[in-house]
Structure formats: C-alpha cells, structure tokens
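Order of writing sets the labels: A, B, C, D and E. Residues in every chain begin at 1.
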Amino acid sequence: MSVRPGLGELGLGAGKRARLYRILHEHGLRNGTAIFLPYDQGLEHGPRDFFAHPAAGDPRYVLRLAVEGGFNGVAVQIGLAEKFFWEYAGEVPLILKLNGKTDIPPDGEALSPLNATVEEAVRLGADAVGYTLYVGTPAQDRDFEQYRRVRADAQRFGMPLVVWAYPRGSAIEAKGGKDSFYAVDYAARTASELGADVVKVNFPHPEKRTAVKDEYDAGFSSQQAIDAVVRSANRTLLLVSGGTKAGDDAMQEKARESMEAGATGLIFGRNVWQRRHDDSLRFVAQLRDILAKYPSST
Amino acid sequence: MSVRPGLGELGLGAGKRARLYRILHEHGLRNGTAIFLPYDQGLEHGPRDFFAHPAAGDPRYVLRLAVEGGFNGVAVQIGLAEKFFWEYAGEVPLILKLNGKTDIPPDGEALSPLNATVEEAVRLGADAVGYTLYVGTPAQDRDFEQYRRVRADAQRFGMPLVVWAYPRGSAIEAKGGKDSFYAVDYAARTASELGADVVKVNFPHPEKRTAVKDEYDAGFSSQQAIDAVVRSANRTLLLVSGGTKAGDDAMQEKARESMEAGATGLIFGRNVWQRRHDDSLRFVAQLRDILAKYPSST
Amino acid sequence: MSVRPGLGELGLGAGKRARLYRILHEHGLRNGTAIFLPYDQGLEHGPRDFFAHPAAGDPRYVLRLAVEGGFNGVAVQIGLAEKFFWEYAGEVPLILKLNGKTDIPPDGEALSPLNATVEEAVRLGADAVGYTLYVGTPAQDRDFEQYRRVRADAQRFGMPLVVWAYPRGSAIEAKGGKDSFYAVDYAARTASELGADVVKVNFPHPEKRTAVKDEYDAGFSSQQAIDAVVRSANRTLLLVSGGTKAGDDAMQEKARESMEAGATGLIFGRNVWQRRHDDSLRFVAQLRDILAKYPSST
Amino acid sequence: MSVRPGLGELGLGAGKRARLYRILHEHGLRNGTAIFLPYDQGLEHGPRDFFAHPAAGDPRYVLRLAVEGGFNGVAVQIGLAEKFFWEYAGEVPLILKLNGKTDIPPDGEALSPLNATVEEAVRLGADAVGYTLYVGTPAQDRDFEQYRRVRADAQRFGMPLVVWAYPRGSAIEAKGGKDSFYAVDYAARTASELGADVVKVNFPHPEKRTAVKDEYDAGFSSQQAIDAVVRSANRTLLLVSGGTKAGDDAMQEKARESMEAGATGLIFGRNVWQRRHDDSLRFVAQLRDILAKYPSST
Amino acid sequence: MSVRPGLGELGLGAGKRARLYRILHEHGLRNGTAIFLPYDQGLEHGPRDFFAHPAAGDPRYVLRLAVEGGFNGVAVQIGLAEKFFWEYAGEVPLILKLNGKTDIPPDGEALSPLNATVEEAVRLGADAVGYTLYVGTPAQDRDFEQYRRVRADAQRFGMPLVVWAYPRGSAIEAKGGKDSFYAVDYAARTASELGADVVKVNFPHPEKRTAVKDEYDAGFSSQQAIDAVVRSANRTLLLVSGGTKAGDDAMQEKARESMEAGATGLIFGRNVWQRRHDDSLRFVAQLRDILAKYPSST
C-alpha cells in the first residue's frame, strides 16, 4: 500500500492548499479522502443519460443530492454553475469544469474546447477547476497548449487543477483501448508530469493486453495495476472514476482496491444519480464506509 | 406541464435581469412571455426569402411590423441595426445577432463567424445579443471557443445571451437529422450547459428515429418531446422557432404545445413576414392569444 | 417659451437614443417629460437627511417609492445599485451616479471623485449615468479631465450622460453664490459645451446680483432667468433640481416656470422623500399634473 | 431591533456568497454571526502593541489563537499572510488587509496606501479582503479612487470586501471626533453607498456632541446610536470594532447592544490578544455566548 | 535567544528558496549565515566616501574583495552591475539594489526612486533584489505603493527581496531619531508586515528615549533591544547594518549580540572597504569567526 501524501508535502502555494484543505478536510468525511459528484454528462452525452432517472436531469436535484450525500465537491459546466450554484454557494465545493464537448462528432481527433476560464471559477467561488486532457489523440499538441494556459492561470490564482486524464483516439484504440492498464497508467503519469494537482482516471484493466507495450503484457492483478497507477501519479492526488453504471459490488471492490493503493477518493456520477434518491444515498453511504478506513493527515 | 422559472430564480445579475424584464414585462403582452421577430434571413438565405412578399425585403417595413405587431424584440445583423434601428430606438427591443453566414458553401463543417461584438450591442442600445451555435459539427471546438468569448462579454456587460442552438453537420444528419427529438433535446441541453440565458430551438420531431440514440427510439408524442426539451433547457428560457413557412394551424398547434411545456415564447420570422401586412398582424394576434394563457410572475 | 427638442434632433447615436426613449417615453407620463428621484444624499450629506423621515433611510423604501410614484428614474451610487436595484431591475430606470463625496472636509476645492464607471453602469442595466461637475472651483482642471473620460466612455457605450452642473468654490461664493442666475446660467452652458446629454441645475435666482458679471446685474424675472438657462443648455435636456425641502407651492411654481421655459423635467429628492409616504405620492401627483401639460414628440 | 439580512437578500454573485457563507456558516458558531481577529497592529501602531503580552508578537501564536478560539477569520497584511498563513491554510478564513500604514507621520491628511491586490488575495486562498477608508479627510478624493479600483477587482473576482470605515482628519476632529455618533453613522453609510459587503466601525458615542450636525445634538442612548448605525449600513453587514483594550464588562455590553441592533458580529484584536492565552480564550467564549443568541438564516 | 527559522519554514516558493539557498548555503560559511557587502554609497553619499581609501572607488576592487573575502553577496546599483558584474558573474551572488538617490536634497520627505526592475535583476543573474523603504516619512504612501509593485514582481519571478528598512523623516527625528530602539523595531516589523524576505536594519539604540512611545521609554539593554527587533522581523531574515565606520571591537560586539539574537548575518560596507585591503580581509575574518558559531539548518 502506498501512503497518500499530506497537503504539506505537495509543494503547494497557500491558495491551492487552502482550497484543497477545504475540499478534503472541511467537507465529506473530513479525513483527507473525497467523493466527487460529476454532472457534465448532459453536455458530454446529452440528456439521454437522464432517461433512466428523469429527476436527475434537473440540476437542482443533483446539487441537493451533493449536499445531502456529503460529497466533497460537484463538477459542472459554466452554464449550470451560473444558473444553479448560487443557491448552494458555500454548502458544497464547486469544481468548475472548464472544457467539454458533445459526443456527436466522431472521437478520433477529440479535443475538448474551453468553455470557461480559471478567472470565472474564481468569480463563482469554485474550490477547483477541471480539465479533460485527451492523452494520445492526434490533436494532443493543441490540447497540451490549451492545457498549459489553464495550468498557468490555476497557478496564478492558487486554484487546484483536477485533470480528467482520458486516453483517447485511434492510436489508443489500437493499443489495448482507453481503459487498459497501459493507457491508464500512462495517462496518470502524463497528468503528473504536466502539473495536475488531482487526476481522475478510469480504473485500469490489466487484462486488456492486446497490442499494449511489452511491459504491460503480463499477468498483473487489478490491485497491482491500481497500485502502479497511483505511484505513477506520485504527488498528484488520484481519483478513480465510476464510468458507466455497473453493479454495486463491483464498484465497491474497485473503490476498496483504489483506496488501498493510496488513491485520495472517487468521482462517481452516473453510478450515483442514475437511480432513485434513497438508493443513491444508500450507495454513497457504502462508499463512505470504505473511505473512512483510509484517513490521511493534513 | 413544467413551470416556467421567474426572472428572480435564474441567478442573473442586475443588468441581465433588467434587460430581460424590459423584454418580457415591458413589451408585447407584458406577462413574461415573448414573440420575437428574427430578420437575418437576408444573410442566412439571401434575398430569395423576400420574393414571396417583396415589401419584407425593406428593413423599415419589418421594423415597423415589429412595433405594430407588439413584438418583444427584433433580431438583426449589425448592418441593419446601424442603418435602421435608430429610427425605432427604444420602441422595440433590439437583439443584435452577433454571428451569421451565407448558405452558399456546404454545411458539413458549418461555423458561423462573428460579425459584431457585445460591446457594439451595448453601444446600439440592444437588450440582448444572439449567437448561432452549431451543435455537433466537426468544427464544434472552434465554435465553442468563439462562443465562450461572447458569453464572457455578455456576462461582463449584463447583456442577455440568446443562443440559436442548431444541431448541424454530417454526424447529425446520420443520426435522425437536425430536427429529430434527439438532436433538438441535445441542443437545448448544450445551450444550458454552456450558459445561454435564452435558447431558440426548432420544434422537435420524435418520429425522426432513424439511427438516433436508443433512448430516443421510442413512441414519444410531440407534447412529450417538447416537454423534455424544455426540461433539458432548465433555467435557460426557451423559444420555439417557426422555421420555414407552414400552415397557420400547424404553427399554432406547435405554439400551444410549446407554451404548455413551459416555453417562454416563440421566434417566428418567415411565417410572419412572408405574407401580406394585415395577414401578418392577424397571424401574430392569434399567437398572442395563445401566449396570453401562459403568464409568468417576475 | 422655448420648444423642447425631440430626441431625433439631438445628434444621438442609437444607444443613447434608445435609452432616453425608454426613460422619457416608456416610464412616467410617457410624454417626453421626466421626474427623477435622486438618492445619493446618504453619501453627500450623511444619514442626517433621513432623520426627518427615518423610513427613507432604507433604500428599499425609496426604490419602491420610485416605482409606485411613476418616476422616470432613480439616481443612486454604486453600492446601493449593487445591493438593492436587482429587486427592481427593469421596473424603473437606473441612473448610476458615478461620482460623489462626503460633505465633511471643506468645500473650497471640491472635487467629486469617481466611485464607479460607465461600464459598471452597463453591467447593472442602467439607462443613464450621472456626474457631478463643480463648475468654477480651483480644482476645475482635474474635474474636467475626470469628466472627459466619463463622457468618452458614455459615448462609446451609448449611455446618456446626466451632468449635475453645480457652481461651487470660493470664486463662485464671491460672485453671487452658487444659485445666482449668473452661476446657474454659466453652469448650464458649461454642461452643454462639454457634451452632457442631460443637465441638472438649481433653479436660478436672478435677485442674487452681488458682484455678478454686469450682464446679470439687471432686473430679470425668474421666468426670464430660467428661459435663458434652458436656452444656454440648448440641445442638452434640462432638469431642475429641488434642493433642500421647501414649501409645496413654491416648488410647484418653480416646476411650472421651468416647464414653460422648455425644461424636460424635474429631479426632486428631499422634497419628495422627507415626508410621509402618502404625502410623497400626493406631491408627486401634483408635479405630474404640471408635466402633463408639456408633452413633447419623440 | 433591526433584522439582519440573510445572504440571499444582498444581491451578491455566487463567489461573494460562497465565501461569506464559508465565513459565517462554516466557521465560528456557524449561525451567521462572526468574530474576527484583526492582526495588523504591528504595522498600524508598531511592535509596542505587543509589549503587554510579547507572545502575541509572533504571528504563529495569533494564527493558532484564531484557530483555537474558533474565530471566523483573521485579518493580516500581505507579509504575514505569505509567511505564516500557509501553515493554517483552510483552517481559518483569511481576510487579506490590502492597505495599511504606520502611525509615525501625522494623521491630518491620512491615506492608507495599497500594499497588496485582490488578485494576490485570490492566490493566497483568502475569503475576503479588507480596506481602510478614511472618511472625511482632505485626501478623501484620492482615497475614494484607490478604493474604487479595489471594489471593482473584488467584484470581478467574487471576493467579499470588508471596509474599515474610519472617520479621520481635522474636519472630523472639529465635529465631535472620530467616534462620535455623527461620525460613525456617516462612515457606516459611506461604506454602504460605496459598495462594501461588510463594514467595520467603532462603537458610536452619542455623548460626543460638540459641534456635530444638529440632528445628532440630542440625547441619544448608545443603543439608539448603534441601532441607527446598523440601519445606515443597511445591506452592508456590520462589525463592531473593539479598539484599545478596555474592561471586559464594558466590551461585552457593547457586543450585546451591537448584536441587538442587528450587527453581524465583532472584530476584536487587542482586547483578545493583549492578555494571557487562557484569558483570551475565556474572553472569546463570553463573546460567543452573546453571539449565540443572535443567529440568522442563510 | 531566538531560533533563526530554516528556509523550509518561510512559506517560500521554489525560486526564492533556491536563490536564498545559494546565498546562505553555497557561499560564505555555507552554514545559513551571511555577510553582505553593500556598495551603493557612491550614489547615496557621493565619492566622498572613497577619499579615506581611494582604491575602493573602483568597483572592480570591491567586487574582487567580495570574492576574496568570501562574502555571501554584493549589493550594487544597475550601472555598476551592468558594467562590472559580468567579470565575476557566478563567483559571488549579486543583490541588485533597485532604488537609490543622492543625499543632496533635504531628507524630510525622502523617497528613494526606482532605478531598475526585478526583471533586470533576473537578466543580470542576480540572486536577490534590494529596496530602501523609508519608514515613517510624509511620503510613506507613495513609497509603499512603489514598494508593492517591486514586491509583487519579486514574488512573480521567485526573487528574494531584501528591504533596507530605514526610519526617516521629521516625525522620526522628533521621536528618538532613526536608530532609536523604537524606530528600528518599528522598521523591522514594517518590513515583515509588508512581505520582505530579508530586512536590513541599523543596530538599535535603546538609550535614545527622548519622546519615544512609552513602551520604549525603559531601561533596555542593547541585547534586549536586538532580541526584540529580531522577533519583530519574525520570518523575515534579519541583517544588521554596519553604518558609518566605527571601532572594530564595537562592531564585533554588535555582530555578536545580533547573531545571539537570531539575526541571519551582517551587511557591512564602509567598515570593510574604508581601510587597506589586508586589513579588510582580516576584519572580515573576525566577523566570520563570530558567524561560524551560529549555524542554522536548511
């Protein structure tokens, strides 16, 4: 088991440290772990994600869920932040997602354009900003340049930067796919090398070995894989993503292995709000029970 | 029926609120509903749109019609605003349409370039600005970036932002087309996620189901479809577009269903001015009768 | 009697015209005249002005009075605009007063510093900005420079500029005082020469002749004086100020002479809100009766 | 008793609201009241203020006291914020004091120069900024201009602005002095007119009547005086300052009257840290008992 | 004895820390202490300072002395830095003195103007910048503003900022003079409050008690005084200045008491170079013997 680094070891300026302290030690379990609620699927996938549980199409419903469920933060695009966050301002940390796109055009050269700025996140009282970096696409150079400006602004304003590190594009598809251990491990390290404060990754699948680099073409367990991914992220705090809705037991096992590896927490959206309200809260309570076993010092 | 949100619930600053109040409560029926007159077809389609009723090719004629018909606003490009609006300044709210293009080149990678700025809209005394966002085209990333700057300026100047949310491009054509329920619903949500104050959509066609996402491949009624679209727009006020001229009864039925769903109003151009003057006023009066039944509080 | 110029004769761009149209033809009597409610005395004189009628110390009370009394606008400083106007946004035009000061230090070199900008007025949805120009003080050069930047911004944003033209300073005191015909006439012309759209003056006192320039040292009637002042303002619309609370009959006579001279209207603060609520409304109704006799065309 | 306004009534944008929510509802008593610990006396008066209790000369001691005493915020200059706040980042809200001066030169034309910017406050993770406005000095015009830029930046970044509203200068000395009811009441209103979110005033002394304006030359009780001052501040939240160290009973009586009047809280420095550590905590506990009786809703 | 803080406790970013590490741990005794050689007297006093030892008028001579004497840095104005430092670049740390003035005009409203920028210091390879802050003069507000910009630039470029904190002006002269314990103590604290990384002060004279604040009007020893001054500087590293040339024993006693109090080191100019070369080196060796007894950790 890796030991999760404390906030004092990350080389952070006072602003990033104050904001991460608020997220990790003044919300949720207040023990240095975190569960975030992402809610940008209305843009990334369209309203179809709400058909399973129409109430979740209403941003008020989801913000209220974030408060009631004791989440450490909720991640939304600028439009929902402007129109809905003011009612809950201060009650739950806001992660303003700065870029995003629809899934209508094909994904081969995916680049997620900026829809908002770090300065706007400051104005809205956000405690962090989010950026989707598509690792490995042919548009990677434009993506890195766009990202660099966001990172520099985040540094200037003392705003923690959460990177959604998503392997993507035809080259990734040809080498094990976007959630292979190879791809996820590379994405975690890329976020760390490029200065993310927090990185969100999919849980790695060591069994997806088709055409991956030789080093990954071996019989790793999922625990070994997530251990390695957390090590690759080093002083970039790591969040494991839930992805599409799956069985509760499987999700909890993922969560347990991630925390055991030294992850800071989870970022679960559809697994949380694509179900009835009381069922959402029950599921979150189970996740909190897991996180409670992995406190970290400030 | 969704309940239309009042201006006080939208998280608006004073300037956007004052200007929307003027549009919705000091013009037209003064009951929180709206009918807008768009008049940028001379650029978007060319003068051919005026052949049916040549008088409508004269901007003075259309501005006068906007005043006489008790419209809540008229949407024009910068050139007509500069040369014609001064005579009617203050008599009818101006929505300065900021981008626009001809329909001469093919539409596969459509991007509507900026022809004016929010600051120019302020200088002209406009009460809102309009932006055409082509949702789902391959040029989506450049469109989103261009849009972001407009949104930020609109925020800075307290100017309401009306987004013409148009699904467009080859991927859309391959998935049900630009006025399928799937496409329109996604477009409405996109405008909301990206911070539009008002969104203009085409009336959704739930029967266009070829190759749409699974969730939309079911027997929805048109009322169910427009209900969903209004919900997807949430706190972004929704206007239903008239599109090409159609039968009056069909248009009125669309209007009725839209208002029943919680839309704020209508934006009808060709259906209004592609006919004789008295016929235009008669048709508008019928639409007003419908809107009068759906007042909202401030 | 001078004929008040219509909005079409003032050489205004569309934005200034649209906003003045709203003020003069969409609020109050909607006949081209205006009564404004100034409410910056809390800064200019301190809370002592509210001791006569404590309810008027509450900005909500005064804003409500502006709406109920059918005023054409209310003039406040940025702080009250930010904290109170949003509730009434759009219901009554806002004139954002851009400069202001306390009356604590001595007035000999009075200069009223900028507390807000034209751009902030745009953001708040104001329909005009106000600027106090101290005509004739030793600090006149700094005042003119500061004013020039405000005027240029007002031009750039199409925002009508209302100048509080106040003769002030030791030189004025030595030549008939700040409300002599000489001083008021000079102040009105100064505002016009320097590009004000609207000028607010005190009612001129032709009997204050001690040490005034020879031309003013003659037996002018008050009607002759205000006629001349309105002519000096030429295409700058003129408002007559109420000043300290005085008898109702005297105020109405001032109002009648001013309108007869071609003034556009009145700007009465303490005379309105330093009395009981129903008495305020009764007094305003009397003033409206006078203004109703002096309509102007658009 | 005035009713203290809730955060939802103040016309605040999301960022100011989120940060004030954190200060008022996530620290201290979490009931909408506040006790702040100001610690800029080392600059304003010099180290002599620490001779009574030398431990308090060490910023670590005072920051720790702020955390242990459950303060709602600590106000320091940029130098101490840079060198000491990082250790406590997130544990107690930081109010970065933006201007300040030594008391060595004479005070007749006092102007407190800017030592830091709002952007630096953002970078440090501050939850508010502080500005000392000297109301009534001959340098008032330069002070207002400097303040205006701070206010505009605070607006732009969604950062609450706390104004230390201090009557000062020879004209104030000639009219009752800096803590007369007249002077304090005017200062509170000035902060409100100029857009402060929170105002810090000294407790008013209605018995200081020499040469004050007539309205204040009457037999007001101290409760009547503080009631009026809170009303003058209207939607600007009011903090009462402790000033030089005085008897505990007198301080508590001031606190009680202030809260009864509708103040939001207290800002006590020397009264807190110019005594032994356990005595500080005991005194603060007494103040908290008072504040606990005056909760406000969010 | 205060314990001198290590570099890791100062809240420094990486750049300031790297440069201070070079100064304190890679030059001189390499034990965390420092002796600096200031050489801006040619501007501050004119060439008269070189008459006692003409060779010292040649900047090459002094730079060579800095290298040979094992100094931790040499402080010069931009002109000498441009023309002479290149020959010794990297051999001895450069402190670029950013402001400075002649002593020809009277000192009552002293303000030391900027002669160079932090960016120029970067270009020249300097390891720190120096700024003279005149604490307590009537021009204090302009001085603080000029300083603020330097401090912000130093922060932005990661450049350590050394403040020459000099009490000055008529008010200081009237209260014990510029090297009274009161004045020096206040100056040290001011540098700390305003964000200096290192502060240079004159050795305090507790016996200068005429008209000082009461707290300082007591029988303090010089050790007690320098102890207090170091505490007032807290996490701002403190250097004691040599001032005019004095007896070696007295200087060494000052040095000993300063180091005992927790100072980081000495900044001795005229005492070093206003004597023969070998005598300079001998004197410096004696000072180094003292500093060797006060190592600090990194």
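As a working rule, a contact is a pair of C-beta atoms (placed from the backbone, for glycine too) under 8 Å apart; a residue touches a chain by one contact, two chains touch by 3 or more.
Here the structure is a predicted model, which is why all the values come from computation and not from measurement.
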Neighbouring chains common to subunit A and subunit D, by label: B, E
Pair joined by the larger number of C-beta contacts - B-C, B-D: B-C
Identity of the chain that, by mean CA position, is farthest from subunit D: B
Per-chain Cα centre nearest the global Cα centre, belonging to chain: D
Shared interface numbering between subunit B and subunit A [over half = same, under half = different]: different
Subunit A and subunit C: spacing of chain centres that average the CA atoms, whole Å: 56
Whole-Å gap separating subunit B and subunit D, where each centre is the average of the chain's CA atoms: 49
Whole-Å gap separating subunit C and subunit E, where each centre is the average of the chain's CA atoms: 58
Cα-centroid distance, subunit C relative to subunit D, in whole angstrom: 35
Subunit A, residues touching no fewer than two other chains: 13-14, 82, 85-86
Graph class of chain-chain contacts, one of line, ring, star, complete, other: other
Touch relationships between chains, expressed as pairs: A-B, A-D, A-E, B-C, B-D, C-D, D-E
Subunit E-facing residues of subunit A, complex: 11, 13-14
Of all residues in subunit D, those that touch subunit C in their complex: 10-11, 135-138, 140-142, 144-145, 148, 151-152, 155, 167, 169, 171-172, 175, 182, 185-186, 188-196, 213-216, 228, 231-232, 234-236
Residue ranges of subunit A touching subunit D (in the complex, touch as defined): 13-22, 25-26, 81-82, 85-86, 89-91, 94, 119, 122-125, 156-158
Residues of subunit C touching subunit D in the complex: 40, 42-43, 46-48, 51, 54, 57-59, 77-80, 82-87, 100-102, 104-106, 111-117, 120
